[in-house]
């Protein structure tokens, strides 16, 4: 069989961070070969959305490794020793968004940023957000996760001046199933200057934050 | 030609308010014949979404009459002399929702309720809503209008205990064009016990409020 | 790990009923911690859409408890001793809607209202509804559940004067799959003053009825 | 220019009625050439959805002719002298559906069937339908037109045994705009054995009725 | 628990055939109770879309019974002894449509019509249809099943004069997944007088044919 | 103002044909500047979808020029003197597709191919296609245009061996409005090896044919 | 009439820039009253998407003023005297995107940033982008506009390290009509860390860039 | 049971390649009968999208046979001994597209063409494509596979002159789930003369290439 992957090792030089692997639709064999290639190049491998059975096999073989079953994020290698705090805050609307908070948190940790987390502060009880406004002013970037009607980034965007990256979560049912309502709410937001990533794209939100922090 | 309408004069006995006419897709001739029929039955006629040219012709012929060009609502006859206040409040997110605020306001006036209006209090500047919370507690029913991401009913629903009827407005652009995002946001709301009517259905929201007030 | 939930205990003061937990996308561990928190605050916990395996584990641990496998509703604690009858009627189109009738029924029971149920009275045999019209006049609020083409609320709305809360059910196939046709039918209804909740949102319909009954 | 039409004169032999022309997207020049071709073959021409300006030009040139501006149907030639009655009834929900009632009525007249019309008998006042049930039993085929939530065919289908052809009308607003809700309701109907044609396809419904009457 | 079904035994008097049960979303317990009710009324029960495990349990308990696993149709009772042939032909595009051909075939058998079947005659090899045109002329009604692009009814409609009921099948992938393309093709057909039922609604197509045959 | 266009003059070297201009959303001023740039480079300019008023202004200024109002195609310059025939046939379903037949025809003429045209041979009268099959065998590429249900390419694809480029036309109404049904039918076709271009993209189909003819 | 707007003058203190007015759906009278209010507060007013006739009336009355008819942006007041350059670059795929490039450019100018513009560098001729990569490295934020398939931000995102704000343009036809394809492409981008705003939301992109520049 | 398949053995004479079987929705029994029919006609059978369990049963029974579990392609019989190389190149964006690369590769092998494969050269690292441009010029047809935003065919189409068949892959998540974004991007491509097949239709792309190679 012809070789079916080509890792883009020059990416780090071009854009400041290395290629991360999308794990959901790859087989264990494909992931194994890819990790092997990274190891030969003396690089850690960060893989997103790895199903638990696949992760267990790979963690067994490759050490050191870290796997978070809630988000499915898998690191073959180590997180950096030194990290910077107080640069990013992750806000989320409800407990069901935990898988995205984790994906964002560990991706940022991989690039040396330890984010603060403010969870379950959705707008149905807006005082939970208002109580934290002063504290939130110290961060350089805000990543705001919400499912259902996705209103949290709008309220945040009207109260705080930082760059805001909104992440729609595929949490909801009926018309809200799959996260499209949250996505569309965020895109249609009457608050100004909010930007949005794809549904459940916690990884992309973390990278967008990192682009800002490096700039 | 066979007669093409049958007015449901028994509706008032059955459900407590008379049939209202949907004017947008009827010709002047059709509306003229319908009004004539109402007049023979000694009834006022309330017609929604009448285009300005059609309204002018009808107002010329039938007196007394009232026409609001912003909402397109047309009344052939008089509003009731005695009205009740402090029962319904209409909240709206922005100035562009005026056409719906008007449709709701005049429909309620037709059934003897004079609503209070709180306009342009959208969640991008949430203090505009918070400043009015105490005052809003006195009303029996809240009708909340919003376009774009439609987040206002969610925030209201988390702060106030009354029945809340959410009305999505066809105000927005891009993915928000036509009002579907506002509708879906309201249906997916994480606030509890909010009910919703069709996009731009101010008339229906007023009638739903009236059903509650009569109950 | 940072704490990932913040129960909104002030909600009862603000809007008249306490926070209810959405169970479908939470793990047993998350639900366990949340129930624990409620218990420390001496509160019952109502959780919707709990899968059977998860419910069994939680019912084993927490007593007293009640679980309805058809709707997935789980109560940790007791229903109120005293309830009021004859305030709400739940009408439904077919036997397949049972899961929603149950969710509405038990949610209302939790807030002290025992609803009457009129099931399988869909419009394909409209006499089944017509036979009950007189009896239905005594209730203060009607909750009408329907899947497929969702026509039942329209016919009810043309015959009865009370507040009507329409609940689309995700029952159907082909274009009707997922409940969107029922939802859209209800929103487009030519009957006046009907309000609608999200597909399968029996809980929300019960809360909307409760807001009206309290008003 | 190469000739851009080929009239299918054998269609009448094959399927029992001649080719009818779709007028909406053809220019006056194209329609003129097509009518000319029919005239050379000593045939009348039935054209649907002709805009008024185009119809006026063609009626000026070709005699005898008939044009109905509400439906846009244009006949170059004569309706048959002898027609059969009491075979088809056209039921419609509201006055705004007149354009479809007309398209169906005149198409059937062209093939020698004079239909009875029962208009504005929508289900928001279901007694208007119930009052006519006995009379409706005499027809061989029922064509049922409805816009908005499109519930009329379902109720008719539960009460009457004949073949029922449901025609969704593009009358409505919000989610009901364009007629898709009516179409989907009719397709999802819980009444049995109802068939459906495209939105606003009155012509097709008439032809389907004619296929049944001939069979 | 309140009784959750009401069988419409008057339906046969009203519309000429008895109520048929939609089995897919009912539990074995619900189906068991419904069959029991039919048996007390000395009626056979026809149930559509019954999953195999559920059917096995019910066939074990109720005799005589018939179950077709391809379509999921279940009959508790007997098919009629005497049936009429040569009235209906079922045409289908491909082998994957077998589940619908079966649902139509057995439903018609239940009401005393034995249909002829012409399978795998899709338009990608149009000679397979053309070879059968003469033979097909003898039937009174044609039911045409197709998935993928759903073109078969259009070609049949241009060649044969009978009433044609088009049935879109949920067979296809990519944009064709779920059968919407076939449905829309059939509704948009440039052939005249074709009517359509919901995706996979073989039962409805059979009933529509039966309405025509009785008329 | 900064210059807002950069013509890709190297495109002809890279892919064998020069850049063609999309005219619909450009102002007369923008088109004027672009044509000017081409003229300075001694090139003809082919512009698609130019509205009539804009074309008249430009044809007045630039000579020689050619404008086809049906398709909106505008050529500033001359068609090639020498052209090759019998390489491409354009088949279309109905007269309303003329605008696409023209766009394809003139684009091919611009690159030196004179196509044959077979119009109004839709599948509702399939003999019109069958009569031409032998003659069609001589062409190297077939471009097949259809609106409504878009079935023509499928039937052609089952009968003829050449490369087939299917072009969905935005001709139809109801569910067929805008051409999506035709597009999806063509993509879902059960005939093998058909390729498709965007709705109304006659220009792209001509270029795809040209890529094949050059290969 | 009750006052229908409340300008959020505290917004500048909270988030660093003042409220901007959405002009498309407001009447001249509403805009006039709003501008008046700003003037009383000694503020300039920036209004987006103002139709030309409305702008002319307002520019006549209020001085100084600036209006760009391509984007519809209207400034009542003056742009700042001092501006910063070399902070933002606006890249766009084609000439038809000019209206968005302008909206972004003038909004940034209003907050004191003069952006550089790189237009018509779409990926169908990728060398036009590659030629500018070195030069583009100097900017702090890149705003990338594209219609049709919206591929430009992906290619840019793979080549350059800065924060990238992608803006989908409503330029295209067929499936690309309205800009949803461009939006979805950008959200699904396999390039990392790209963020997106609503279709045609040039204003929002400018504000997002400003949030980053201030951070 | 009536016979439910009719193999179109004349297809090879008409269009140059034999009928291929769509395996996904057929049972083992149906496939077994079909293969049997082919064997009686002394033909190999190519079946696409066969699930692994079904393939194992069939491979056990019929020899020789070949099965590729990644694409699900099953050949009962032998690939041709002699094949032609350097005619087709398959380009793909990422490793997750392997199932489509395989379906295309083996289908082409079945008709005697051995394709070259260029995998994981997506546009997020555009140099991976640019490095291969010279080499790619030698092929007669390019098949380009991509999921997510589907931008690869556009960039290829701007750089290379051959016929290009774009194949959207159902690889992605959020708005990109199911492959519709890739499909729409390819259809909306601003590159010229690209044609597209259905999502995941690798088989159709191979056949389209074969039609070109034979022409």
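A, B, C, D, E, F, G and H label the chains in the order they appear, each numbered from 1.
We adopt the following convention: a residue touches a chain if its C-beta (ideal position, glycine included) is under 8 Å from a C-beta of that chain, and two chains touch if they have at least 3 such contacts.
No experiment lies behind these values; they were computed from the predicted model shown.
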| item | value |
| --- | --- |
| Listed pair (F-G, E-F or B-C) duplicating the A-H contact set, over half by residue number | F-G |
| Chain C-chain E separation of Cα centroids, rounded to whole Å | 35 |
| Centre-to-centre distance between chain F and chain A (centres being mean Cα positions), rounded to whole Å | 45 |
| Distance from the mean Cα position of chain G to that of chain A, given in whole angstrom | 27 |
| Multi-partner residues of chain D (at least 2 other chains) | 11, 94, 124-125, 157-159, 174-176, 180, 183, 187-188, 192, 198-199, 201 |
| Listing of all chain pairs that touch each other, if any do | A-B, A-C, A-G, A-H, B-C, B-D, B-G, C-D, C-E, D-E, D-F, E-F, E-H, F-G, F-H, G-H |
| In the complex, chain H residues that touch chain A | 94-96, 98, 101, 117, 119-121, 124-125, 127-128, 171, 173-177 |
| Of chain H, residues touching chain G in the complex | 93-94, 122-126, 148-151, 154-155, 157-159, 172, 174-176, 180-182, 184-192 |
| Chain H residues within the chain E interface of the complex | 2-6, 8, 10-11, 19, 22, 24-26, 30, 34, 49, 168, 170, 178-180, 183, 198-201 |
| Chain A-facing residues of chain G, complex | 11, 14-17, 20, 140-141, 157-165, 183, 187-188, 192-199, 201, 203-212, 214-215 |
